[in-house]
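Naming follows writing order (A, B, C, D, E and F), and every chain is counted from residue 1.
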Amino acid sequence: MIAIYPGTFDPLTNGHLDIIKRAAKLFPNLLVAVAESSSKKPLFSLSSRTQMVQASILEANLTNVSVEGFNHLLVDLAKEKQAYAIIRGLRVVSDFEYELQMGYANASLEPNLEMIYFMPSLENAFISSSIVRSILEHQGKISHLLPQSVLKLIQKEGFICM
Amino acid sequence: MIAIYPGTFDPLTNGHLDIIKRAAKLFPNLLVAVAESSSKKPLFSLSSRTQMVQASILEANLTNVSVEGFNHLLVDLAKEKQAYAIIRGLRVVSDFEYELQMGYANASLEPNLEMIYFMPSLENAFISSSIVRSILEHQGKISHLLPQSVLKLIQKEGFICM
Amino acid sequence: MIAIYPGTFDPLTNGHLDIIKRAAKLFPNLLVAVAESSSKKPLFSLSSRTQMVQASILEANLTNVSVEGFNHLLVDLAKEKQAYAIIRGLRVVSDFEYELQMGYANASLEPNLEMIYFMPSLENAFISSSIVRSILEHQGKISHLLPQSVLKLIQKEGFICM
Amino acid sequence: MIAIYPGTFDPLTNGHLDIIKRAAKLFPNLLVAVAESSSKKPLFSLSSRTQMVQASILEANLTNVSVEGFNHLLVDLAKEKQAYAIIRGLRVVSDFEYELQMGYANASLEPNLEMIYFMPSLENAFISSSIVRSILEHQGKISHLLPQSVLKLIQKEGFICM
Amino acid sequence: MIAIYPGTFDPLTNGHLDIIKRAAKLFPNLLVAVAESSSKKPLFSLSSRTQMVQASILEANLTNVSVEGFNHLLVDLAKEKQAYAIIRGLRVVSDFEYELQMGYANASLEPNLEMIYFMPSLENAFISSSIVRSILEHQGKISHLLPQSVLKLIQKEGFICM
Amino acid sequence: MIAIYPGTFDPLTNGHLDIIKRAAKLFPNLLVAVAESSSKKPLFSLSSRTQMVQASILEANLTNVSVEGFNHLLVDLAKEKQAYAIIRGLRVVSDFEYELQMGYANASLEPNLEMIYFMPSLENAFISSSIVRSILEHQGKISHLLPQSVLKLIQKEGFICM
């Protein structure tokens, strides 16, 4: 049974990794799908973001998790991979309504695709990629918000695309 | 792997059955746990509500789902049953914040217990037990909001406790 | 064309009267329907609450507005009166989701009944009956929250039912 | 009595047409006002968006509805047209607070202009133009989200402006 | 300068104590005002709840904080005490809109009374008295949710009023 | 004791000035910190926005308030200024969740920095800079939304940067 955890992961945070670990316990096969999201003008390139996910999976020793970039409709990716479910994290501070809207839009396109939401642990419930980017932009401390392996990648010269 | 879907089910609605069906596809063993909830002064007795769940499971032909009443703390029930996860439905119109608060309270008591949320289909997203009770009180039409088997039970004389 | 503005009006506030005035400009016939709501255990009797509405209509000189108590399902009242629409006010601080849930429950029972929401003016957007009752209970000032005629009724001995 | 239903309609969806139909039953004259919204960088040109509204009105056979582009303040358009009310749809998943803020901003500029909100039917309550644009960008299925006439226009070569 | 932190404190939690500590750093005089709230039918008597606050103040060694029960309107208490501000905690999971409604109701009665909101630390942001009562009712673990001194009081025989 | 009231103030509104006045009563030293926010592409330059704050402070005769532009992390500014607290206004229509997320992000970087929220008066609770910019763009009336001194600055030729 394959589940897909989609996101932009710009960058991957401890909050994302928390959800990956939870989903990986429940599903024999978890695909972390990194959206190109060019319209959002990500800070990190698709390739950098995919590397981050890969590095975190290794760091967390998750053998049933794989990663892939994608640039098509989520429901089309799900069909192609014969996925059973889409995984999303419910942040305390999040656009819950947006999640539901996306969920119902997906359901209108592919009624058999399950939407499943996990609750991260409390200390991760406030971390968002945009907060991390904003702290990063001003050279603030981000080491408590990101997996070690992601932090190392970010500190490598030339890693940020703009 | 056991998952528990707790609720008061006063009465069980199409929305609840939708969640039961989704969870039953993912978990080999699903326990629908009917809370006594005496402080809420339910319209239906615990025994009547357990019967409703039983009847819906039979109607939907779900062989890996069982039902049980309970009157202790949810995390204690989960420990006793060695449950892996607690299942909740995300209604569009719902107290999302209340769900999170209960989730974090549970996590503070039992960090290893997973909270997992399913999205019902759109036509069930607005049904709540309290709406059903309110229509029932005024002899309105409820047949489109409940499983057939629950409807039959409710129409039996003497079934409503007050 | 008849529109119905339902509520418990326990008591009628400046916020309610604001909505009545707006709806009365748009609809040739507006029926203010006072719900018995015995399960809410209102502070004022149905008869007292109907009197309040009547007095406010007179005070505001609204000749196309009538008032009636009711104790059945709102959609049944609407059918009986051949009403075109149900009117609701959108308070800034309100249970917007509850409004939608009631709206969709009504739509599931009577698809042709229109739900129409009016926006009160800002100074009335925070007034609720429960705030008024709470101030009243402690003998605080409520004269800026209620129509004059309602205030006079409340100050009459023996008007509050409990 | 003239009412104005303003929006960007980028593109017009079944949700918009639902609101147009409801408002057209209540108001003898309904003007659908297409905002230029150049700061939002719409996917479709103002002229294309006006065409879509026109085509939907024809498809739905609504004889008391007209359409017009505009690029000034909504309250100024309302004054110019001597409009009685501004119409808005309340989507389940929507920025309800944003609606209120705009409403109170309008009221601060033109206290006599009524803001009136309609509730779309449930199956249209989740459709938004941004969801449609996002599916469109990835060549997904949108035929269940748009009026037939709008779909035809979109499929014409060269219709999308960027 | 006197500030008042009002509440029902049924029972006082770590979340409440967090707010008391923060407010006590800013205001030379902080009065914790325990509302009788008889309509809420508290689990603990007013005297027991006042004792809890007193015990926590001692435990936390806060010398500029006092406690008092009250049963009148908050704005009247504030006037009597010549208070400058009312303090409230902003829980993540809370009725933010209810806070604003109460705030504006207070402002309509006493425009010079300041409403000031503090943010508790993350680990306290989910604790509520009702969660504590619900765990208590089922003999669950509450020691991580309450100050030690409050815990001791609760464990004394005969302390809970019902 | 220094408190910092940070914002983009693009432009400063009556709502902002309301918060400045309230905070200036409580704190002996209030620093209004104007964020460069170049990623938001402000309508007014940092220098123009700082001038607006300066002019409003003068107009309101607030002698314990100063203003400064900044372009680093808020917690770093707070450390540099040895600030005790960050001040924020709670608009009725606002991204309350965003405020909390920023607050917890700040707390994760600097646990001793207090976040304190003030409630503006009702008539200012709906004013936002983006509404003002939108009305300004279409030459609408903004004089009831801004301090007189800010209005004068805006009306000077060449003041708007784009």
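What we mean here is this: a residue touches a chain if its C-beta (ideal position, glycine included) is under 8 Å from a C-beta of that chain, and two chains touch if they have at least 3 such contacts.
This one's a predicted model, so the numbers in the text were calculated from it and none came from an experiment.
Considering every other chain in turn, the ones in contact with both chain A and chain E prove to be B, F. The chains that touch chain C as well as chain D are B, F.
Of all chains, C has its CA centroid at the greatest distance from the CA centroid of chain A. A centroid comparison over C-alpha atoms places E as the chain most distant from chain D. At the interface between chain B and chain E, under half of the residue numbers appear on both sides, which makes the contact a different-residue one. To find the repeat of D-F among A-E, C-D or B-C, check which pair has over half of the same contact pairs by residue number; it is B-C.
For the pair chain B and chain D, the distance between C-alpha centroids works out to 39 Å.
Rounded to whole angstrom units, the spacing between the C-alpha centres of chain A and chain D is 34. Distance from the chain D centre to the chain E centre is 48 Å, each centre being the mean of its Cα atoms. Contacts with at least two other chains are made by residues 92-93, 100, 104, 122, 126 of chain D. A complete list of chain pairs in contact reads A-B, A-D, A-E, A-F, B-C, B-D, B-E, C-D, C-E, C-F, D-F, E-F. In the complex of the two chains, the chain C residues touching chain F come out as 92-93, 122-123, 126.
If you check the complex, the residues on chain B that touch chain C are 92-94, 126, 128, 131, 135, 137-141, 144-145. Residues of chain D touching chain C in their complex: 22, 25-26, 85, 90, 92, 96, 100, 103-104, 107, 111, 114-119, 121-122.
Considering their complex, residues 39, 71-73, 75-76, 97-98, 100-102, 104-105, 108-109 of chain C touch chain B.
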